[in-house]
Every structure is written in C-alpha cells, then in structure tokens.
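For reference, the structures are reproduced in the following blocks.
Below are two complexes that have subunit A in common, paired first with subunit B and then with subunit C.
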Partner chain A sequence: MNKVRVERIDVQGQVCPSTLLLTLREVNRLQEEIRSGAVQIEVRTDNRHATVTIPGAVKSMGMTARVHKEENGYLIQIGAEKVQ
Partner chain B sequence: MAAGEAPEVELARLRRENAALRQRDAELVDYLRHKIDQLLKVIGTLPLRAEELDEAELVAFDPIAIIAGTFTQILQTQRQTNLQLKAARDKIDAIYNAVGAGIVVLDREHRILSCNKRLKELFFAGKRRVTGRTCIELMCRSESPPTGCVFAKVMASGLRERTREWFFEERFYDVVGMPVKDRRGMVQQVVIVYHEVTERKWAEHELCFALEQAHEAREHTEAIVRSINEGMLVVDASGTLLLANPAALQMLRLAQREVIGRRLEEIVPPNGLAEHVAMACARDEAGEPFDLTFSAPDAQGSRLFQARFALLHTSAGVVRGAVVTLREVTRERELERMKSEFVSTAAHELRTPLTSILGFSELLLDPQTFTLAERSEFVNLIHHKAEDLSALIDELLDISRIEAGHDIPLMREAVSLESLATAAVDFFRHSSPPHNFDLRLPTSPLVVFADPRRIAQVFDNLLSNAVKYSPAGGTVTVRLTPEGDYCTVAVSDTGIGMTEEQVKCMFDKFYRADSSNTAVQGTGLGMTIVKQLIDGHGGVVAVQSAPQQGTTVSFTLPLWIGESD
Partner chain C sequence: MFDFTLVMLISLGLGLLAGGVMHRADFCMTATFRDLFLFRSTTLPAALLVLVTVSAVLFEGLHLAGALVQFPLPAYGLPSLASLCGGILFGIGMVLAGGCVVGILYRLGAGARLSLWGLAGLIAGSALYAEIHPLWSTFAKTTTFAAAVTLPQWSGLPPWIFVLALVAVTGLTIWRYPAAFVPPVGWRAVAGYIPPVYAALALAGIGALSVVLLGVPMGVTTSYAKVAAVLEQALLSEHFAATEFFQGQTLDLTLPLAAQPLRGGPGPDFDGIAAIQYPLIIGIVLGAALSAWHLGEWHGHEGATRRQQFSVLCGGFLMGLASRMTPGCNVWHLWGGLPIFAGQSILFLLGILPGAWFGGRLLLRWVLPDDHQGGRR
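Up next is the complex of A and B:
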C-alpha cells in the first residue's frame, strides 16, 4: 500500500477567511494528488469558524474533511472522497 | 514655464497626479476587496478584513484566483455528481419499469405522482393521462376507500401496511404500502406496490379442490376395500405390507397395527405366499394374475385360500408392488369334494340295483327252463330292485327341487303316527336281523296332519342311518312322546356317534359322516331331505350325538286338531 504524504498547514492565530483562503490555495495546488489519495492535508487552527467553512468548501469540491478537537485548537484532515 | 517656477509647478502636478493615482489605487483595492468579499460570501465565509491581508499581500495572495480554482473544482464535482445522479435515476427507472409488480406513488390527496409501466398495464390500460389524477378517480371510482385500501391504512398508521389477496376487478393482489415522510415525520407520499397473485390464488384453489377430490377418492377406495368380502393385501416391491383390509385381517386373525409396515413372510404362515409375491415382482409377471392355493392353519383347523396377484407398476413401468386378494375356499373345496363323492356314490348306488335287474332279467331271457316258482322269484327280485332304484331317483328329484328353491310337495291328511312308526320298525326288524328294535308308544293315540308317504320316508332314513352306524347287536329305540300341540319322535342308536363338527354338517347336501368307509352305503342326501320334509310339516329336527355314545335324531310334528287346511 502506498504511503500517504501529509502536508501540514498551521494557521493558528489567523481568522476566517484567511484560514479558509490559505487552505483552499493549498488544496487547489495539490488537488490531483489529494484526489488520487497520495496526499492528505492537515490544517491546524484555533479559529472555530474555520471548522465549519473549511469542511464545507472542501466537501463541495468533492473531497472529505474530518475535524478533531485538540488541546489548543482544532485539526482538520482533508483527503480524497472514498469510493462507495 | 518660467525657469524659477517649473520645479514647483511640476512638483505640484506630480503631487496631484500621485494623489489621483493613490486615489485610483485605493479605489481599485476597494473594488478588489469588495469582489473578494462577494466571492467569499458565495462560498459561505466571512468578508476579508483589511488587517488580514494588506494591499501588497492581497495582490500577491491572489484570493480571486484561489476562489476561482475552488469554484472550478466545485463545478467539476457538481457535474460528476449530476452524472452519477442521472445514472442512478436511469437505473431506478429501469428497475421501476422492469419489475414485475405495479408501483405507484401517491401524494396525500390520492394524486398519482408517478407509476411504472406494469401498474399502467394492470389498472390504467387505455387511459392516456394518469399523472396528476387521483387513484380514486381512475381505480376505485367510489366515495369511500374500498375494504383493505392500503393507502388509507398507511395514512392512518404512518407505517408500512399490507393487504393480502386484495380482490379488485376479478383479480387478486398482494399490496404493500410504504410511507414517505418529511423532516417532521408527516407522511407526504405513499409508495404502493401491487403483486398480482390471481394465478397463484386459482392454483391454490384448484390444489385444494384436487386435494379434496383425492381425499374423497381415497375414502371411496378405502370404503370399497373395506367392504369387499375377499381379503386384500397390498405389498411393495420388497414385500412390506402397505395395506390390509378388514377381511384380510380377520382371515389372518391380526390387528391393523400388527401388520402394516411388516414383511409378508412375518405375517402369513410359511405357505409360500411371500415367496410367490417376491418371485412375481422380480420377474414382473405383469398382465395375467395367477392362482395359488395354500393353507392357513389356526386353532380350528386348516383353512384353504385362493390367492390371486395383480402387480402394481410405476408410470415408468417398474414393478412397485402387488395386490394380493385372498378368497377362502375351504367350504367350496369341501363341497366340490362332496359333490364328486356323491357322483361316485350315486353312480354306485344306481348301478347296484341295476346290476341285479339286468342279471335276473337276463336269466329270464335264457332259454334254460326255470320253474315257475324260480321265475316268479326272479321277477319279485327285479321288481324289488326296481323299487330301490325308483326310491333313489325320487331322492335325487327331491334334492333337485330343494336346489331350485321349491318345497317338496306334501299330500297331507290325518294319519296315525303310531301306525307309521310301527310299520317302519317292523320293516327294519325284518330286513336287519342283527339289530334290536325298541318301539315305545304313548298310551293315547297320536294323530298328525301329515303326508304319510313322506313321514314313512323320514322314518326310513332315520332308521336306516341308525342301523348303518350301529354295530351288530346294537339297539335302535324309537320313542313317540306327545308334548302339547306337538309330538316328538326320537330315533336313538348305540352306534359310533358323531363329533360336533359332523353334527353341524349332517344336514348339508352330499355330506357323509364317514366318507372314507366305502362299506357304508348312502348318497349323503337323506338328512337334507328329512330336514326339508319336517320343516315343510311345520316341525323341527334336532340331533344329539357324541363319539362312541350313539346318536339320537328327533323331530316334532304338529298334532292334528281336527280340521284340515
């Protein structure tokens, strides 16, 4: 099984829409690799609004997003949509 | 421009130009931020604040390109989703129309939202427009829902409902209804599926009818089998008993539970029947049944059966068993034996006097001179033997009348019973000197209304038997006893007597108690005729006997009451 490469984005200290725009810029750049399952993006943010806007936008783009609560904020994992 | 004024003017101009450019730049940045904010609003996020990205970073960051790239992916995803949805819808439509059941979707007001091809075939054939019209208008055509309406049941319960064998327009359906609810749980639509089960229903009905008929036929057959007098056994190809009718069970003296499921050789005596059945099945001797006679010994002695076979075959022609019918022929065989014996005896009895007649008549024809006395004696002997022959033939004629169901004709008159008894006893005293005869008469006269010739015949038969079966020197007693309106005549001897079995058969035609003793003459018809004659006079014959203890045969006759019939 191919190992998935993780791209990390730290937008802690920033607020929406900057967190969203920064995430979308990386998602656009790596869209092919994300869709193929080679790459996953992990976004660290302390902005709660971002936990709504980022997953919302990513899902509309046909990808998946999972939000995990962490001690100092949130971790949003973005990856390819699983084929059913 | 003056030399001293040019730099200040140029500077002022440049300042003004710069201000305008700054203004223009600010307006462009504002425009840019405004558009970026519009796009951010579209993707559902907050507007961009100035402190988040300054003008230089705004251009370098290029949010519009980011959002444009995002929109491109969103649109691409939408297109793919639409294609998938279309494919799914096409698939559902194909299933919807290919499924064998009729499917209809109704809204809360019974309006048809959609239906498949099968439903149109079932209920809406010939109707051009269906969607938008109500099921009440197109199907039920009644004010209230029909009994078992699934739509009504689903709307009432909010749950999946079913109606089995719903009858509509001469056909049967299994109907299932499913609710489609909104977010508040209210039923907005009902999906109803109709499975036509008419053929299944009629098949079930026909099966029930066929089962009833099969049951009736089986009962009919069993009644026939139970009612026939012959014993019937049905075995399978391995010789296991499958059926035995009551007649067979009675013959075998076994109960139903003792025989069914057991092998034939365990049930019937070792008489070869089981082996014959096995051989018949193995050889498949189909077509003509064959007879087999065997004995079935029991406590009362041997019984003879005639067994007939009929083989049973499967539809493929393989032997699957046999039907054995058992007919008891014990009595039949006995009668055949007695008839055969009678013919032999009768021929002998007829031959004996005929021989004397022929012999003496031949002597009379001889030219040799005989004295008159001798010739007269020969004629007397011929006459006597002719009388014997005549009596024998009379007996045969009497029997033929009895066989034909006619009574022996009686010429009745008032006659003295003592005189008849005395004449009979005197004859035997004379003709049978070795025996003693004791005649006991009552003190008062006994007159009966009877045919004297026939009563003499009765006396002759009884005394003849008493003499035949008594040793020389034995005593034969004839006793007449009046008893009320009747008189009882008893003829007793001290002879060999008879067994119970012999007593039972002594009035049967052709029966001879000692058939092996050819020295004792007789056709076996005498007692049959005696009984018929006494019955004809309104009397009764009775017998008491025991081996080596003699025999007493008695008969009653009604006394003459002074009037003739």
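Up next is the complex of A and C:
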C-alpha cells in the first residue's frame, strides 16, 4: 500500500480569511493527488467559521474533511472519500 | 446626577449575550460582505437579511405596542453623501482589519492578539476625524438631500408597509434560495457551534432588548472617540481644548426605564454614551472569552506576519475614521438603522458593498499572497 503524503498548513493567529483562502489554494493545486488518495492536507486553525466552510467547500469538489478539536484550535484533515 | 448603574448593568448583560453568540457562530459582518465577493458565499448575507427582517418586525411590533419611548429610534440623522463615503471607507477598513468594530472585540475576547492592532487603529482613526470634523460636517450638511430621517417619514407611509414589503422580499428569497438559509453541512460536529441564521435570530432579539431597555440599538464606536479624547486631553491638553468635535453632544434620548434624559458625546467625560457603550464593549469581550474558555478554545496565538499586523492597524484606522464620518458603525446601521429604514443606514450599506469589494482586492494583492507561502509547514 502506498504511503499517503501529508501537506500541513498552519494558519493559527492569522488574519481572516487566510484559512479558507490558503486551504482552497492548496486543495486546487493538489486536487488530483488528493482525489487519488496520494495526498492529504492537514490545516491547523483557530478560525471557527472555517470548520464548517472548509468541509462544505471540499465536499462540493468530491473530497471529504474531518474536523478534530485540539488544545488551541482545530485540525482539519482533507482527503479522498475512500481514504477518509 | 443620574445613576448610571442600571444602564451599565443592562449594557453589560447585552454585551455578554452578544459576545457569546457571535463567538459561537463566528458571526462576522466583515465576512458577510467580503466572502460574497471573494468566495461567492451567501450564507452570512442570508443571515444578515434574516437579522434585519426579524429586527424590523420586532421594532415595528414594539412601536405599535407602545413599548418604545422614541420612534424612529434616536441618534439617526438626515441622509447625506457623508454616509455613503463613510460606508465605502468602512468597507475597505473592515476587510483589511479582518473584522468589524465588534468582530475585533469578540475575537479579542477569544484570545486573538491581532485584534489589539485593530483597536489601536480604531482609536487613532477616531482621533484623526476630530481634526477634520468642521470640514466634514460642512460637507455632510451641504450634501444632505432629504428632510426626513427614514423612508417612512420621507414617503409619508406608515412604517408597517415597509416592514411587510421587507418580509415579502425575505420570504421570496428564502423560497427561491433555501440552501443559503439552512445551517452548513456538518455543523453539529463542531462543538458549541451556532449556525449563522440561528445567531441572527438571537442577535435580533438582543437588539430588540437594547431598544426596549436602553432606547437605542447596539453601537460601540463613539467609545473609541472617547478614548481618543482621554488620550488627547492627557497628552495635548491645549489642542484638545480647541478641538470642537470633542465638545459636542451626539446623543440625547429619553431613557425608557426611568423616563429620564440620557445625553452624551465623544468627549472624555463619563456620560450617557460611556454608560451604555463601555459596558457593552466589556460585555462582548467577556462574553466571547467565557464562550471560548467554556469550549476549551481560549488561545493567544501569534501567527500573524508584520504585514498582516499593519493591515489590521490600517483597517482599524479606516474604520475609526469612517465610523465618525458616517456617523455610526456597521452594527449601528445594519442591525439598528436598516430595520427602521433610516436613510443614513441605507446609504452606508450602499457604500460598504463597493468598499468590501475593493478591500478584498487590496487584501489579495498586498496582504495575503506571501503569507500563504509562509503558512505551509
């Protein structure tokens, strides 16, 4: 089984709308690899709004996102549906 | 002298409620306009439409029931181009700051240190306005184009007709675009999250409480001018004494609970405005802090670059300046003025739209591109 490459983005403390802009930019750049299951994106953010906007946006692109609560914010994992 | 204690306690309570709701929903008025242009997102504009419509129904219902001492609500002036220009500048400023005048407060409460730059900008912008006030007030007077404060007054029609029309427009919008009004997919998975439309309903209720108990809708920005006045009085006392803006009175209302007059202005005194707005500001910050702490999300991250900090400072500065030029902030106009169809507030809305669009262009061009590369780990 091929190992999944993880691209990590940390936008904690940054001005809005850094989280959504940067995530969508990376998702668009890597969309083929994400859909194939070769890449996952992990976003660390303290933006509550992004925890609902990002899953909604990537779902419409045929991907899934899982939101995990962390000590100082959230970790959003974006990947192919079968990987999730 | 009138005892402000009850007024302050009410304001603090309203602020606590509003701060908690806004934090839980991340109910951001900046994102409402900015994301409409950047991402074609209609969730927050739909929530704002609900907030304005429900507020209009509540305000008019209270008016017809005789529960409001003054109607139209006090402190809204005659419409002029000053409100349109102020709206444009405010729209640019709030996008550069990443939050409006209350967005900065609830994010500060949740631990976002970046908001401190916005607060500093708001105070500095208010101080600059004091210098241009004589010139700007002349401009406002010469560009006033109606002798009525609200559309119902201007048209001679009763306000309820306008409220019914607004309800019909909102109803049609919900029927035509229902997806914009439903909570986002997966919202229940986010701890403590309140969908924007639910938050809009709660904030409309809090706004109605403010009108019933204090006689005015929520607003905070004169406080930033008052802080500027305190600083200027301490540091530049002679210049302060000669500055006309700080000597004026902008609020003169009858307090519903005590049937007493409540007056205030942008000067440094602890007056009626300070009694209403200072506790409201403290309440919003504390309400958001309590909400964040309860969710285990209180944080003090410092992830912003120098460029972002400068952007937030400039954005705060523009908002401070614009909120005195208009006069009034986005919460005052969108949550309080639009529901009574105030001409100033309609012009402010017309200004904020192109302002937010242009602010978004500036944000993408000058503030965020390099940071995006820096955000990758």
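Heads up, the rule we're going with is that the second predicted complex is superposed on the first by the 80 of 84 C-alpha atoms of A that agree within 3 Å, B and C clash if a C-alpha of one lies under 4 Å from a C-alpha of the other, contacts with A are read in each partner's own complex, and residues count from 1 in each chain.
We adopt the following convention: contacts are C-beta pairs under 8 Å (C-beta built on N, C-alpha and C of every residue); 3 or more make two chains touch, one makes a residue touch a chain.
Quick caveat: nothing in here was measured; it's all calculated off a predicted structure.
Q: With everything superposed onto subunit A, say whether subunit B and subunit C fit together or clash.
A: clash
Q: Once chain A of both complexes is superposed, is A:N28 in touch with subunit B (first), subunit C (second), both, or neither?
A: Touch partner of A:N28: subunit B, not subunit C.
Q: Looking at the overlay, what does A:K69 touch: subunit B (first), subunit C (second), both, or neither?
A: In the superposition, A:K69 contacts subunit C only.
Q: State whether subunit B or subunit C is in contact with more residues of subunit A in the superposed arrangement.
A: Residues of subunit A touched, subunit B against subunit C: more for C.
Q: Mind working out whether A:G56 is in touch with subunit B, subunit C, both or neither, as first, second, both or neither?
A: So A:G56 meets both subunit B and subunit C here.
Q: Looking at A:N47, would you say it contacts subunit B, subunit C, both, or neither? Reply first, second, both or neither.
A: It touches subunit C, and subunit B stays clear.
Q: Touching A:G79 in the superposition: subunit B (first), subunit C (second), both, neither?
A: neither
Q: Tell me the contact category for A:Q14 with respect to subunit B and subunit C: first, second, both or neither.
A: A:Q14 contacts both subunit B and subunit C.
Q: In the superposed model, identify the part of subunit B that clashes with subunit C, out of 4-12, 40-48 or 220-228.
A: Between subunit B and subunit C, the clashing stretch is 40-48.
Q: Taking the contacts subunit A makes with subunit B in one complex and with subunit C in the other, which residues are shared?
A: Touching subunit B in the first complex and subunit C in the second, residues 14-18, 20-21, 24-25, 49, 53, 56-57 of subunit A appear in both lists.
Q: Which of the residues in subunit A end up touching subunit C in this complex?
A: Counting only subunit A, the residues touching subunit C are 7-18, 20-22, 24-26, 46-49, 51-53, 55-57, 59, 67, 69, 71-73.
Q: Considering the complex alone, what residue numbers of subunit C touch subunit A?
A: 23-24, 26, 28, 30-31, 34-35, 38-39, 41, 43, 98-99, 110, 112-114, 184-187, 189-191, 193, 296-297, 299, 301-305, 308, 311-312, 364, 367-368, 371-372, 375-377
Q: Residues of subunit B touching subunit A in their complex?
A: Of all residues in subunit B, those touching subunit A are 40, 43-49, 52-53, 61, 63, 66-67, 69-70, 73-74, 76-77, 80-81.
Q: In their complex, what parts of subunit A are in touch with subunit B?
A: Those in contact with subunit B are residues 14-18, 20-21, 24-25, 27-28, 31, 49, 53, 56-57, 60-62.
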